[in-house]
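In the two assemblies presented below, chain A is common to both, partnered first by chain B and then by chain C.
Then we have the complex of A and B:
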C-alpha cells in the first residue's frame, strides 16, 4: 500500500512543486496520474521509492516511512521506470542492461538467463539482445528501460510516461502487459499525458495541477469532465468530445469500442 | 520542381545489414505540410536525418539512391551547409538547447552563419515573436517547461530562416495542450510564411487537422501516401498506425452496415456525421 500524507516538496533551488498531497493507493490498484507539464507528477512518483523525501508530511510504502529506510531497500518493492530512458540505461548490451538488477540482487545465473529471456520476449526485444541500447530507436530504448525494472518483479510498478515514442501496436501490447501485471495483483501507477491510452485502459485517474490533487475518480468520470480537463491542460478523448456534443447519448463513454456498441444499440432501439 | 525529391533511397547503418530505408521514393512540393508516421523502427527518424545530411555524414552507413533538397544534392553538401535550408527540431528539446539564456540560444544559428549584428538582432526578435516566446528571452532554457523549451527549439531553428522545417516527434514530452499549441505554431509558419513542414508524429489526432497529406512508412518503405480520409482506411489499421479515434469509430460503424458517407477526420466532422446518422 502506498500512503501519501500532506506531502509538501520543494527542490533545493526553492521551487515548491507539491503543496499538500494526500493519496491512498491500495495494493493491486491501477492508477494513472495525469496533469499539465510541471504539475508535479514526476516529483510525486519519485517520492514513492525514496529518491525524493518530503519536506513536510510523509510517504509510507507498505507501512514503512520512506524517510526511515534506504532507496536500495525500497527499490525491491517499488520499481520506477523513468520518463527518459537515457537517464537509466548504461550497459553495453540489452542483455546486460536487463540482467543488471538481478545480478545485483544476487540471483543465480540460470535464473537470470531465464528471466531476461522471458522479459525480452514479452516486450518484443529479443532481436536486440546483443545490441547496444544506444543504437536502438527511442521507442525501443524505452522498452529496454521498462524491461530492466519489470524483470525483478517489484510489488509496486511506477511507470513515468510509458507510452512515449511507442507506436500503436506497441502501445496495444504495453496495455495488455500492464493489465496482465495488474491482474496478477501488482500495483501499477503510471504517469501519463496520453488520454487515448487512459481511455482504453480505464484506470483510476488522479488529476494533479500545480502541485495539488484536483480530481480523483474513474477514467470515465475524469475524462468526461470538461472543467477539470481544462484546468489540468488535458485534451479530452475524441470519443468523449463526440459524445458530449450530441443530445440523448449516454454519458461516460470514452473509448471507441463502447462507442460502437452504444451507437449500434441506439440505432437499433430507434427502429 | 519539388523542394524535396527522393529517388530509390536505401540506407543501412554501419554495423548492421538491416536496411533502415528500403527504396524510398517521395516528392514534397514547396509549402506542403506533410505528416509522416508508421510503426516504431519503420525508418521515420532515419528519413529525417537524410534530409539535412546527418545521414550519412554523422550517422554513417551505406546509402544508395538520390536525395535532392532545395535543388541541392544532399550527399554533396556538408550538414552545416544544409542546416541553412533545413531546420531540424528533435523529440527532446534538451538535446538542442545549450546556452544560458533563451536569446543566446536563438542567436546561435545566425551568429554561426556570420550575419552582422543588426541582422542577428532582427532575426532573433522575429523568431521569438512568431513562436510567442518574447517574454522568455532572458530566462535560462533549462528552467523552462517542456512546452516552452520546444518553442525555443523551434525559434532557434527559425532564426536561420530555413525553407523546410523537419520535426521528429516534437510533442512526445509535452502535455496535450502544449502539444496542440506547438503544432499550431508550426501550422502558422506553414500557412503564413510558406515554410514546408515535414512532421514525424505518432499523435495523429492532433496533427491531422493541419495537414492534407499523410505518409505512412513501414519497414523502411512508403506504404501509404494520401489525404487523411483516404489513409485512415483499412490498410492503415493493418500496418498498426494510431488512426485517430473518430475516423476509427466511423470506419467500424461502416463495417456494421451503418450509412457512413465520408469518413470524418476531425471531431467536428464526426459530430456532424453522427447527428445525421442518428436523426435519419
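Then we have the complex of A and C:
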C-alpha cells in the first residue's frame, strides 16, 4: 500500500511544488495521475521511491517511511520507469541492460539469466538480446527500459508518461500489457497527459493541479467533469465531449465501446 | 574592461608565474592579484574556486615533496599553481560568456568556433539537469553511489556518464540540423549590435602588462633574486616506505 500524508515538497531552488497531498493507493490498484504541466505529477511519483524526500508530511510504502529508507531499498518495491529511456540506457547489449538492476540488487547469476530471458520474451525483445540498445528504434528502447525495471518484479510499478512518442499500435500493445500487469496483482500508477489512453484503460484517476489533488474518482467521473478538466488543463475525451453536446444522452461515457452500446440501444428504443 | 585587454593581462600573469620558481616572487604574483579581485567585488566567488583547487594544490605539494624537491620548492610550485588558478578564475568570473564570444569574434576567430564555445557554456545548466535525471533513473534501478571502495565508486559513474555523453551527442546533432535549417553561417560577413572598442584605460592596462612581462623576463635571466630556504624537513617517501620494505 502507498500512503501519502500531508505531503509538502519544494525543490532546493525554492520552487514549492506540492502543497499538502493526501493519497491512499491500495495494492493492486490501477491509477492514472493527471494534471497540467507543472502540477507536480512527476514530483509526486518521485517521492514514492524515495528519490525526493518530503519536506513536510510523509510517504509510507507498505508501512515503511521513505524518509528513513534508501532509494535502493525502496526501489525493490517501487519500480519507476522514466519518461525518456535514453536517460538510462548505457550497456553494450540489451541483455546487459536488463540484467543491470538485478546485478545491483545482488541476485545470483543463474537467476539473472533466467529472469532476463523471460522478460525479453514477454516484451518481444528476444531478437534484440545481443543488440546495442542505442541502435534500437524509439518504441523498442522504451520496451527495453520497461523490461529493465519490470525484471526485478516490483510490487508497485510507476510509469512516467508511458505513451509519449508512440504510434497507435504500440499504445494498444502497451495498454494491454499494463492491464495484464494489473491483473497479475501489481499496483500500476501511470503519470500521463494522454486522455484518450486513460479513457480506454479506465483506471482510477487522480487529478493534480498546482500541487494539490482536485479530483479523485473513476475515469468516467473525472473525465466527464467539465469544471475539473478545465482547472487541470485537460481536454476531455472526444466521446465525452460529443455526448455532453447532445441532449438526452447519458453522462459518464468516455470510450467508443460503451458509446456504441448506448447509441445502439437509443436507436433501437426510438424505433 | 575590454575582454581582449583582460585576456592579455591574464596571459601576462600566466607567463610571469611560469617564469619563476622562486617562492618569494611567486607569492608576490599571487598576492598582487588580490587587489584585482577586490576591485571586481568577487572575493567570495574567488574564495570558493580557490577552495575547489585546494585538493589539487595539496596533491602538487605532496608529489613535489615526495619526489625529492625541497620543502621550499614544493611550496613554491603550490603557490604557482594557486597563482595560475587565481588568474584564470578572475578572468572567467568577470567576463560573461557573451562578452567572451564577442571578444573572440572581433579578434577574428572563425565564427563557428566562437559559437561552439558560447553554446558549450550555455548548455552547462541544461546538461546539469540531464545529469540529475540520469542519476535519478539509475538510482531507481538500484545504483548506489555512496557505497563501495574507491574503485567501485568510480565504476559506479559509468551508468551516469554514458547516457549523458550519448544525450549530449544527440543534442549536438539536433542543434546542428536546426541551425542549418535556419541559415547558420550563410553570410560570411556578420555585423554586431555591440562593437567592442578598446578604451585608453584598456591600452594602458595592456601596456602595463607588457612592461611587467619584459621586466619579469629580464629579472628571471639576470637579476639576483632573494632566496629563501625553509629549514624544515618532513619525512620523505623512502623514509616512510623504507621500514615497510624491509619487513
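The rule we apply is simple: the second predicted complex is superposed on the first by the 269 of 271 C-alpha atoms of A that agree within 3 Å, B and C clash if a C-alpha of one lies under 4 Å from a C-alpha of the other, contacts with A are read in each partner's own complex, and residues count from 1 in each chain.
Here is the rule we go by: a contact is a pair of C-beta atoms (placed from the backbone, for glycine too) under 8 Å apart; a residue touches a chain by one contact, two chains touch by 3 or more.
Nothing here was measured: the structure is a model prediction, and the numbers come from that model.
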Touching A:46 in the superposition: chain B (first), chain C (second), both, neither?
second
Between chain B and chain C, whom does A:101 touch in the aligned arrangement: first, second, both, or neither?
second
Name the contact category of A:218: first (chain B only), second (chain C only), both, or neither.
neither
Between chain B and chain C, whom does A:171 touch in the aligned arrangement: first, second, both, or neither?
first
One more residue to check, A:245. First (chain B), second (chain C), both or neither?
first
Which chain makes contact with more of the residues of chain A, chain B or else chain C?
B
Just to be sure I read the superposition right, which of the two partners does A:210 touch: chain B = first, chain C = second, or both, or neither?
neither
Is A:79 touching the first partner chain B, the second partner chain C, both, or neither of them?
second
Of the partners chain B and chain C, which touch A:153 in the superposed model: first, second, both, neither?
neither
Which residues of chain A are in contact with chain B in one complex and with chain C in the other?
84
Residue numbers of chain A touching chain B in their complex, please.
35-38, 83-84, 135, 137-140, 161, 164-172, 193, 195-196, 199, 233-235, 237-239, 241-242, 245-246, 248, 255-256, 259-260, 263-264, 266-267, 270
For chain C, which residues count as touching chain A in their complex?
130, 133-134, 136-144, 158-159, 162-163, 166-167, 170
Contacting residues of chain B [partner chain A, same complex]:
13, 15, 38-42, 45, 91-92, 145-147, 169, 172-180, 202, 205-206, 240-246, 248-249, 252-253, 256, 258, 267, 270-271, 274-275, 277-278
In their complex, what parts of chain A are in touch with chain C?
46, 49, 51, 70-72, 75-76, 79-80, 82, 84, 86-90, 100-101, 104-105, 134, 148-149, 152
